[in-house]
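Going in written order, the chains are labelled A, B, C and D, and every chain counts its residues from 1.
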Amino acid sequence: MQHLWLIPVLPLLGFLLNGLFGRRLAKGAVTAIALGSVLLSFAWVVKTLVGLGALETAYIERYFTWFQSGDLRVGADLSVDRLTAVMLLVVTGVGSLIHIYAVGYMTHEGGYYRFFAYLNLFMFFMLVLVLGANFLLLFVGWEGVGLCSYLLIGFYFLKKSATDAGKKAFIVNRIGDFGFSLAMLLIVITFGSLDFGAVFPAAASKPESTLTLIGLLLLLGACGKSAQAPLYVWLPDAMEGPTPVSALIHAATMVTAGVYMVARSSAIYLHAHAAQEMVAYIGLGTAVFAATIGLAQNDIKKVFAYSTVSQLGYMFLGLGAGAFSAGIFHLVTHAFFKALLFLGAGSVIHALEGEQDLRHMGGLRTRIPVTFWTLACAWVAIAGIPPFAGFHSKDAILLAAHHHAPWMYWVGVLTAAMTAFYVSRAMFLAFFGEPRGHHHPHESPPVMTAPLAVLALLSLAGGFLDVPKFLEPLFPLSEGAHDFALVAISVVAGLAGIGLAALFYVVKPGLADAVANALGGLYTLVYNKYFVDELYDAAVVRPVETGSREALWKGVDAGLIDGAANGVASIARATGGLLRLIQSGNIRSYATWVVFGSILVLVAIGLVGGGAR
Amino acid sequence: MTGVPLSWYLILSALLFALGVAGFLFRRNIITVFMSIELMLNAVNLSFVAFSYQLKQVNGHIFTFFVMVVAAAEAAVGLAIILTVFKNRETLNVDEVNSLKN
Amino acid sequence: MPASLWPSWAEMLRFLPEIILTVAGTLIMMLEPVLGSRSRRGLGQFALAGLSAALAAAVVADGSPGPAFSNMLVVDGFATFFRVLVLAVGILTVCSSYPYLNREGASSGEYWALLLFSITGQCVMASANELIMVFIGIEISSISSYVLAGYLRDDKRANEAALKYFLLGSFATAFLLYGIALVYGAAKSTNLAVVRAAVEKGEAPLLLVGIAAALMFVGFAFKVSGAPFQMWAPDVYQGAPAPVSAFLSAGPKAAAFAVFLRVFMTAFQGVSDRWAPVVWISALLSMSIGNFAALRQSNLKRMLAYSSIAHAGYVLVAMAARSQSGSAAVMFYLAAYALMNMGAFAVVAHVAGKGERYVEIQDLAGLAQRQPLTAAALAVFLLSLIGVPLTGGFFGKFYIFKAALESRLIWLAVLGLLNSAVAAYYYLRILVVMYMEEPGEVTNGLGPLPLGLKAALAMPVVGLLVLGIFPSGLLDYAVKSAKFW
Amino acid sequence: MAAASVASALLAVTRKNPVHSMLWVLTLFLHVAGIFLLLGAEFLAAVQVIVYAGAILIFYIFVVMLLDLPDEEARPRFGKHWPLAAAVGLCFAALAWLVRAGTGVAPAATRLAAEGPPRGGLSAIGMALFGPFALPFEMASLLLLAAIVGAVVLARRRAAGP
């Protein structure tokens, strides 16, 4: 026994202690509990992995039968294989660093204990998600992290935008969860089990149409959680939450759950070609789409948010192209450099006392040197400069894409150039040139910079962890040879992106505006994120809300006026009007409905059903 | 009367039931509305007795007996409820008892 | 006709819960005038004791299953399940009513007696094996409920609720009764087993059976507030006192589902091809009407009422599956649903204050800061209503949709899941108000949680978490007993 | 007698004055009692007359008199939905024919057997009530008890409360 259960339960204990008694505890005690539980959990992961050795096959611990109905047995089983091992190290490792950072970042915020309680709860669910040996446990973690994400986004509860962002995240994720739960039910029906160990080996013998349906539904779930098109809209708004939350949940761990789930279900996707192809298309589409939006954002966290969406798209591209290990590899390196980018951004924001607009920064290179140099490490890593972390993993994905379909490679390279451009743009605007704005920046305390330094090291050297090799027992390496030309092209693209950004924002600062003016409409379109939010608002949210409000709350007169003004709303009003007609409060009209309904039932059962026998 | 087919009784019963339903829908006085329900129950009783006669069983009679008991119980409770409504609202018009809606 | 008119001891044992409840209810009535005003307060505890004893008796009676009283009743796993469920609902109702009645200054022995009688009726419904018992059980339960809904007789809302409940309830019962009469005519008996045999052998005229099934469907669908017979529920739940609303949404509903299921899965099993599509449509309508109407409610009780219509829709989905796992899902879901709804209404009863002045969702603002434990309990109930894992509600939905898919009701399952995605939105609003807004006048002036309400919150929370983490026990029992001969 | 029942029912639901309606319902109940007699249900006929006509209707009339409202009569007696309600009523009348059709196909149901001994006698009902139907009988008493308690709770004055 390796007592795997300790790994998630330790943060849960932290949550319970801080959640129940945090209000009465001293700040130091809260910190000790929160940090201690996560660090212990990390230590336990390391100990377990050392104890388990090579892990050629999955190691499973069964605790009790969760429930049994008919032939379907679902146990509270945890399992570790190489994929889980990678995820565990990332989640607990990066998680620990971010926890440490948060101690410094949150010192002056209210609700300190509450924040750490939620953060620990998040760790618990994330670890359950990763460790679970069946789809149901995965789903428990899946829903749980969503809930915590929602709680943490809305943490600044006095900010209305934060509450709205939390709601948005929750609702979009419900759509994804709808797909996941349906897929799970289909798996039960098709395979008669939810255990990974039983489902995946049996996948080959099932009809491809069913597998494709399952794959597509799982993908819908993954799109919700991992912010892929068209369900990505919640992630940029989710940056309303505190920066450590953005780093931990919306960059390093939770949003990669979808990637993990698709990789975990690789057996299904390998037998469902249409679904896998769809994964690649969605990934590539999201990567390009989000990167273009990232080009024109002015909020430093928004830039990184769209960058996250775009990088997640890369991972899906890798998965869809059949290079599951490359996708996971990018997940790992991305966790390092994106967490670093966010934490660095947090440090910048902290230094500027809340300023997030890039246009009001500038010249910070000498004011906060530690933050600058660590961020620079993330910069070169995400831009794909060899030999840093991002280069290796992005390269693996691009090569697999080329092997899959060459045009995908070229789109991917274009995205890489854009990625390099927007990150460089953010860096140049923030750290180079003349200081804009009248702040007195101050460097962050060591408790914040130390995690930055560790992550910087990982961003630089993380590429040499040969994750694909490690995952080979699970995902056979694709045979694509290491084509030097292809590698060189992508590196050149990255360098070109940096160079262009340097030209625009350092050498000739006026040029950027000139180009933006020249592109006019296109720039506005990109700047406004293609008006996707507005579109959703106009097409879905507004009609439903106005419709039901008009119909249910206002009299006929007000409803008529608004209805005439808005054609869509009038349709919604008609349906709502039906409800008002039914629910008039008048007993006799209720009785009329009862009679009306019973006539229908009579006809349906008494007469129409007559032909059935 | 012995030659009267069962179906005639059933039609009579259905007609009375329909009249009860119509009364419930038509009338505005709560007490009359309530009385329409009694009418419906009586129609059902007629069916029971007719079936019982045809089947030469006593079960239908027993059922009718219980329906009558229930009718009496409903009358007691119903009229008590109507009294409290009247005390609070000074009206016996069903259409005016509609403050809870939407 | 039996040789002896006196029933055997085994039969008495099978009927023991009902006997205990009746005796307890009658004793309360007799004791009240005798006792002083001080010891009258103990009547609530007495009712609690009666319910607990009946619960124990129901469990004991499960040990000797079989029919009783000339096949009028049958005690099987199914009956025991629902008996225990309605008795548990009764216990929770007593716990939440006790402080409520004290606050309103309306405590009296009659309330407890009526509550016990109503539960007796529901126990009879759960074990009825004969349409005459179904009818009498429903009537005992309903007549007591009508009065309970209007118990606060000086409250205009409660009057209106009672009147609507009574008039429409009796109206629907008349349909049910007409259906029974036609069943009697068609199958020459009202015993469920005999009717089933007659229908399956084709001895009963099909048209008559169809019409009878339709009329009985109307009656039962009304009692479970399934569309299109749901209109009474929002008005009644809003107007009735909060603990009574809780009771109505759990006890009579669960018992009505029990007979609904038993009658349609036995007597009308032979014509299930005919009624299944109607249940299908009714399920979809209930879910949609309930959820979409609940979206824009600002009154907490009314919102919960619409949500209860939606939940009736989910249960109907499982019923439409017409399978053993479907029936088991109905049972499991009703148990989870009773717990979460009772709990949510108990919080409403607490926050509403004297005279139920504060029943808007907005009145919960900042509850998490003033009474974190109450808020946490409500959060558990709401998460369970949404169907988040690790709560009973999740497994309830899981089994329902699993059963639906097994019976190839794919579209119904898809639409149901979409509905439950919509539903998350309005439950979420309460969570937001509770956790993310500053305390308002109402939450600041909130008194401490009385002991009874503490119990009425703690028990469902524990129950839901147990059902969410160890659902096996209950589910095994449900699957085992969801057979009708 | 059937025609008289229908006519009185029709009158009962159309009369303006509630008291007049009551009297027509009384007529109806008496006619139904007559039909019961024809169908051999002597006991039920008696109960019908005593309980329905005697007790329940007197109760109704008592309440109507108690709450007598002079202005009630002046109002239109039908709601605005009455065409719909009429249509609905007609549909149910159609149901009547359905029931007839349903029984028409039943082989044994076309005609009532004339020679069968009337089973609705007092002794038969008594034996059944205290034999197989003892339990419903007991439960019915509980039902009545609940109704009495309920009526008392609702109708009693506030001052009687604790």
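Operating definition for what follows: a residue touches a chain if its C-beta (ideal position, glycine included) is under 8 Å from a C-beta of that chain, and two chains touch if they have at least 3 such contacts.
Bear in mind the structure is a predicted one, so any value in this text is a computation, not a measurement.
J.: What chains do subunit A and subunit D have as common neighbours?
T.: Chains touching both subunit A and subunit D: B, C.
J.: Which of the two pairs, B-D or A-C, is linked by more C-beta contacts?
T.: Top pair by contacting C-beta pairs is B-D.
J.: So, what's the distance in Å between the C-alpha centres of subunit D and subunit B?
T.: 5
J.: Would you kindly tell me how far, in whole Å, the mean C-alpha position of subunit C lies from that of subunit A?
T.: Once rounded, the distance between the two centres reads 41 Å.
J.: Suppose each chain is reduced to the average of its Cα coordinates; what separation in Å results between subunit C and subunit D?
T.: 30
J.: Enumerate the residues of subunit D that touch no fewer than two other chains.
T.: Those would be 79, 81, 84-85, 88, 92, 95, 98-99, 103, 109, 133, 136, 140, 143, 146-147, 150-154.
J.: By residue number and range, which residues of subunit C touch two or more other chains?
T.: Those would be 132, 136, 139, 143, 146-147, 150, 153-154, 162-164, 167, 171, 182, 185, 207, 211, 234-235.
J.: Could you list the positions in subunit A whose residues touch two or more of the other chains?
T.: Correct list: 552-553, 583, 585, 587-588, 591-592, 595-596, 602, 606-607.
J.: Using the touch definition up top, name the residues of subunit A that touch subunit B in the complex.
T.: So the residues of subunit A in touch with subunit B come to 552-553, 580, 583-588, 591-592, 595.
J.: In the complex, go through subunit D and note every residue touching subunit B.
T.: 2, 5-6, 9-10, 12-14, 18, 21-22, 25, 28-29, 32, 35-36, 38-41, 43-44, 47-48, 51-52, 55-56, 59-60, 63-64, 66-67, 69, 72, 75, 77-79, 81-82, 84-86, 88-89, 92-93, 95-97, 99-100, 103-104, 108-114, 116-120, 124-125, 128-129, 133, 136, 140, 143-144, 146-148, 150-155
J.: For subunit A, which residues are in contact with subunit C within the complex?
T.: Residues 65-70, 136, 139-140, 143-144, 147, 151, 154, 157-158, 163, 166-167, 170-171, 174-175, 177-178, 181-182, 185-186, 188-189, 544, 548-549, 552-553, 575, 579, 582-583, 585, 587, 590-591, 593-594, 596-598, 600-602, 604-607, 609-610, 612-613.
J.: Which of the residues in subunit B end up touching subunit C in this complex?
T.: By the definition above, subunit B touches subunit C via 10, 13, 17, 20, 24, 30, 33-34, 37, 40-41, 43-44, 47-48, 50-52, 54-55, 57, 59-60, 62-63, 66-67, 70, 73-74, 77-78, 80-82, 84-85, 87-89, 94, 97-101.
J.: Touching residues of subunit B toward subunit A in the complex: what are they?
T.: 21, 24-25, 28, 33, 94-95, 97-102
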